[in-house]
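Next come the structures, one after another.
Below, subunit A partners subunit B and then partners subunit C, in two separate complexes.
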Partner chain A sequence: MASNSKPATRKAAIVGGNRIPFARSNSTYAQASNQDMLTATLDGLVARFGLQGKEVGEVVAGAVLKHARDFNLTRESVLGSKLAPSTPAYDVQQACGTGLEAAILVANKIALGQIESGIAGGVDTTSDAPLAVSDDLRRVLISLNNAKSVQDRLKAIARIRPGMIAPEIPRNSEPRTGLAMGEHAQLTAHEWEIGREEQDELTVRSHSNMAAAYDQGFFDDLVTPFLGLSRDQNLRPDSSLEKLAKLKPVFDKALPEGAEATMTAGNSTPLTDGASAVLLASDEWAAEQGLPVLAHLVDAQTAAVDYVHGGEGLLMAPVYAVPRMLARNGLSLQDFDFYEIHEAFASTVLATMKAWEDPAYCKEKLGLDAPLGSIDRSKLNVHGSSLAAGHPFAATGGRIVASLAKTLHQAGPGKRGLISICAAGGQGVVAILES
Partner chain B sequence: MADWYTTFANSGFGTTITKQLGLPRPAVLRRYEPGQPLLPGPVVIGSAGQGRLRDTVTTVLRDAGVTVQSPVTADGATDGEKLGAVVLDATGLTGPGDLASAHDFLASAIKRLRPSGRVLILADPPSDADSPAQAAARQAVDGLVRSIAKELLNGSTANAVYVPEGAEASLASPLAFFLSGRSAYVDGQLLALSPADVPTGEDADKPLAGKVAVVTGAARGIGASIASVMARDGAHVVAVDIPAAGESLAAVANEIGGTALQLDITAPDAANRLIEHLRERHGGVDVVVHNAGITRDKLLVNMDAARWNSVMAVNLQAQLDITQALLDDGDVLNENARIVCVSSQSGIAGNRGQTNYAASKAGVIGMVRAWAPQFAERGATINAVAPGFIITEMTAKMPVGTREVGSRINSLSQGGLPVDVAETIAWLSQPGSAGVNGQTVRVCGQSMLGA
Partner chain C sequence: MAAEDVTVLESPPNMAALFARAALTARGRSGDLPGTRLARRGVTVDAGNLAGYARVCGFPLGDTLPPTYPHMLAFPLQMALMSDRAFPLALPGLVHVRNTIDVVRPIGAGESLDLEVWAERFASHRSGATVDLCASVSAGGAEVWRSRSTYLARGAKAPAGAPEADVTVAVGDLERSVATWRIPDDAGRRYAAVSGDVNPIHLSGLTAKAFGFKRAIAHGMWVKARVLGALANRLPESFAVDVGFRKPLFLPSTVTLATAQAGGGWDAAVRNAKSGTEHLVGTIRPL
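And now, the complex of A and B:
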């Protein structure tokens, strides 16, 4: 064996997944913590695949909005679940890319033979979100804690001012620009001339695709009800262009004077609570357990863009990640049977596809001789995506991986699917699955 | 776990009150627990005429660790050790005259019965009789056993098994069932056996070891109990329920170490999806328990089509469709498969406001009877279980008067528990129960309804 050869690798299998229905913020899951939701999701996965008391190689999951007490969220969730307590776990966080990144991490360890099985997941709640005290008050409280004498304590307390009391509420905004993610997306939509109607059309299709999938029982082995909710709360089977057209545009703050805002509460994902998990394994482990292999995770890629000073849109990083991954695998954008482009906003999906079709952009920004070209819309998000399901940040990746793996499995062997997920901080995570 | 009245009636104060007022005196029933001996005391075996089953019964019971006494010593020592069970071999009956010895034997033996004792009468089927006199004597067993069941006290039960010529090997499994705590709430019943190839070498504590069992409607109530008992007996349980019940279904599966399958059994592709799942994950299936059922009560004249159709679809049509698909598939149904269908007392006695439900549950009885010969050809069986008043979340919501009356009008003066239904179903699922086919076993404490 040549000394410079790569270690032997194998492709990790996706066995199946589980998630709880996604709930709108401050609604059905308002009293549920991240740990509650992740534990329930793991238990649903355990029940589906008969993993009671069994040890998997590793459980990897994360949350974007996290309490300080949840420093070991995934391990604590494992301990509360029916998995063997000897199952190791760790937390990851890559904003909305968390769930997919977790799956890639598990798949890579399986590919290297370091583990035989693993669970990747993610969870988020915007209802049970952490509140922080202001920095000023925090400093006072720390010195109060350190004070040795009564006098020192009184001195510390005397420094508290009414203005310090207001808590810091986590915002869905970029720390470096102060703009909400929707405001960033609206800028990109404006730049790419993404119209209101095409966004609404994509939204209607997401809702109708997902509603049909539920009606056909597609989610019967992907979702386990939680706290009385058995379907995604955001799902509106009767969504229509007429209804969406009535909604007022939001996110217009950063637009240049006179520019028309096109993004609404309908064609943007709402704040959502939920959790997801995916079971990955080597083919051998799956066979030993009598479990199916739905698909394999073939490859993955991340990318990031300079949205602060570089003139690129906040959510455009997947546009860069995909061609790098395609080149490495000798594939064209058209070599896929299904596409899962995360619907953070309808405009994001449309801008992503438009960028891949644009010769100048592909040449100048992506360094490609020819544009990637267009994709067949009938292969896009065929069972609905985040606009219908909602988007509990870290849970979206697991939802997509499991749904796409099942879609590929149903379509038969040798089918290929592309996943593209944009994330805060100007990042993107993409992957290829194959049945 | 007994209901509040049974607990009260068995307390010191409650005993005095209920005796003085002549109120029902429900006993705390002997129920099966793993490792429990078959019987808490010796058994005495008597005969009416020259029976042919005495040796078989003696061997089976001795093998199970039961002390077997002969009626000679029973007659001689009526104040001897209390009996766990009394078995009468009535296969020698030639005419009504032989019944006198049955009376003699039972009268003295039953006096010695412990609480939760068992009386079991074994006879030939009246339809096989050589003469009208013999048929009369055999049929007389019917009235005899039902009356004994009504006279017995302290949680004791009486049942009869008809054993035709050639079906002797089929007897071991029902014999053990009726004498054990598994049959706690089965009372006053007559079970007909058929000849069959009965597998031997079953593990008495894990009779379902290595078996894959599907239980529909497993998320709660009786279904959850069936799943739990099947798992206790060694089966891997595929717990099935509608997707909306998935949260409690997962909890049941995790509790018993089974797997959860969310499936609407009335969906057009339900049978195919179930079969594919079983083939992919388990290579086949040994036991299918059609337990899923719904009620949509309304007086017939006020009942809309939706109520009628949904009850029929879940309670009867889905059982038919899935069973037919399993038979048609060719290889997913393992050898010696067992199908157990949940019927209901309403299907036997009828019930006001339940025309749809009663019709569907009576249909189940007809279905298993019609299918039995086809199942027998492949060494398989199909049977039904008809629960009487079973204490569940559903009955807890009934008005207290209706509930109390409903639970007392049976020979054991109490409602049954989900586990009583589950034990009966698990018994019918055993490989050894090969000779029980096409039957409907009531689990009703000898309810007066439809008796």
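And now, the complex of A and C:
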């Protein structure tokens, strides 16, 4: 259960962030491993904040698609980085919520005084993805490995069938429903009557906001070029409603007969490779190091929904998480200067906002007396989000935390921002930042 | 060296053809070192080859070239020099005994590089003669990297009045091994695939036997690269790495890496895990 009051603790400061530009799958970063990208990203952060040879309290990061050999991915990346080798590290994984969850974990240890500084990050590659042998073949190979006699070995080998040889390729689908995430999102879009045009409009705004932010130099101290790439490869500054309108809908398999498919490759995030990292600290540590404090992580919340049997949409968990966090902090949905709602799909952002505006849904599903109400769209994803940048699953949280912290810092003291990230498995991770 | 001695090549020479030429023209070589320098201008690194090299040698893939990578660019030119009929020593049978690299500054993977290679220091050695194959890599007119590979030709004779060979690399006590590497029997083929160094002694037991080795042996420059890969994030910005290649590393093998901080850099050794036979000793010092 979520607690109703907050214990007296200090708030963790966000000092800054670093990420590599995000690349489209099987493109510029096709040869780069998760460890290569995370190490490069950590080293960029080290260079930016003068952490060469220094020990930070903890490095927490993760990847959604991970090779078995990468069981200690974050620690291995730290050992390959310019950070002191005495820096502890561990891996986390909460699907697309990984990056934000990592930041929350680091912030909580700072809040409790267990560490003074920490780095939260995430990385994903869909190019250098792990392939697994089929489950049947895996069982045969294990018994072959355990076989003591030649006879046992031959018996094990005899169980191999040609059909077992094909490798299993990781799929972006839910194990319990067999549906791709996009197919789930399309069901939700249909249910909430999210039209094609409003999805395309949100997409165009994401691209134009991010292109403008790059042009203004907003990302100069947030992004370090990698392997020749200096901007997100998916970014289309010239994206337009006309161009997006030409794209064919995808993800229509699960829709009921006659329902209109509205989601396209344009208003959905593409498979992407990339990494991000955020430096968090106590105010005292930041001051000692002569480093800035952009914002503080004030509070965070996770939620999950029963998208399998319960009739809720796969990506609707943040809708539940936000009101719980708002109540605990005595805030309304309108008490924010900036909103960062992760654009897994344009329809996800639109369905999230529509749900918060819906009195019946807010009462029945969220147990609220009144709807949370609407969001001023001019405060939403002001420097672009995942539709433009792309979405290397675990790297998205770090991208958003660093960008929002900088946005709040630029806006001046006392500004407040809300982060909402949906994740596979029907989960959501949300947080409040304040400058 | 006079400018007219420099031959500029438009593309890297074909290494397999050079090995064949060197083997066919091995007999009857003599005389002094040619004064020829071979060069290439405006060379850019192929991203795919760099990624393959990094993977095979254990370097992280990033925007800075591994310290041994420029050797990939210079070695084909050195091969062309050594396989030429004017070169006094027969290439088959030359043993790489020492390699020194100076990383003047880190080199970006996207930089345009100028290479120049030459041979010098024909020297006498107790079991033959040695020669140094040198390389200099520049960017924007300034030298960023240089190397010196010393090869021993057993039974060969250096010209009268030649200096004594200098093949000694001294390291401090290296008792503590920090890593064990299981080196598979295809290590030579894997490195050959990314480096183009298809010297038969590295490729298979059969081809190695033809040249007098009981099994295939690992490329010395690969072992050196692995040592630097293991220390990649702990190297000075600008450094000299000097290694001596001792006994051949037969494939497959299990070896240990020993390292110790020394002189602002490192001492390192690679030894057979069981017998302790030394394959490589080296020093890394800030420039």
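Here is the rule we use: the second predicted complex is superposed on the first by the 427 of 435 C-alpha atoms of A that agree within 3 Å, B and C clash if a C-alpha of one lies under 4 Å from a C-alpha of the other, contacts with A are read in each partner's own complex, and residues count from 1 in each chain.
The rule is short, and it goes like this: a contact is a pair of C-beta atoms (placed from the backbone, for glycine too) under 8 Å apart; a residue touches a chain by one contact, two chains touch by 3 or more.
Just so it is clear, the model here is predicted, and its values are computed rather than measured.
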| item | value |
| --- | --- |
| Joint occupancy of subunit A by subunit B and subunit C, clash or fit | clash |
| Partner chain(s) touched by A:K82 [first = subunit B, second = subunit C, both, neither] | both |
| Partner chain in contact with A:P225 - subunit B first, subunit C second, else both or neither | both |
| Superposed model, subunit A: greater residue contact from subunit B or subunit C | B |
| Subunit B versus subunit C as contact partner of A:S117, first or second or both or neither | neither |
| Subunit B versus subunit C as contact partner of A:T98, first or second or both or neither | neither |
| Partner chain in contact with A:Q35 - subunit B first, subunit C second, else both or neither | second |
| Touched partner set for A:S385, first subunit B, second subunit C, both or neither | neither |
| First, second, both or neither for A:T352, with subunit B first and subunit C second | neither |
| Which of subunit B and subunit C A:G50 touches, first, second, both or neither | first |
| Shared subunit A surface residues [contacts with subunit B and with subunit C] | 40, 43, 82, 225-228 |
| Contact footprint of subunit A on subunit B as seen in their complex | 236, 243-247, 249-251, 253-254, 257-264, 267, 269, 273, 280-283 |
| Partner subunit A, residues of subunit C touching it in the complex | 47-48, 51-52, 55, 60-63, 109-110, 232-233 |
| Complex contact set, residues of subunit A against subunit B | 40, 43-44, 46-50, 52-53, 82, 217, 219-221, 223-228, 230, 290-292 |
| Contacting residues of subunit A [partner subunit C, same complex] | 31-33, 35-36, 39-40, 43, 79-82, 225-228 |
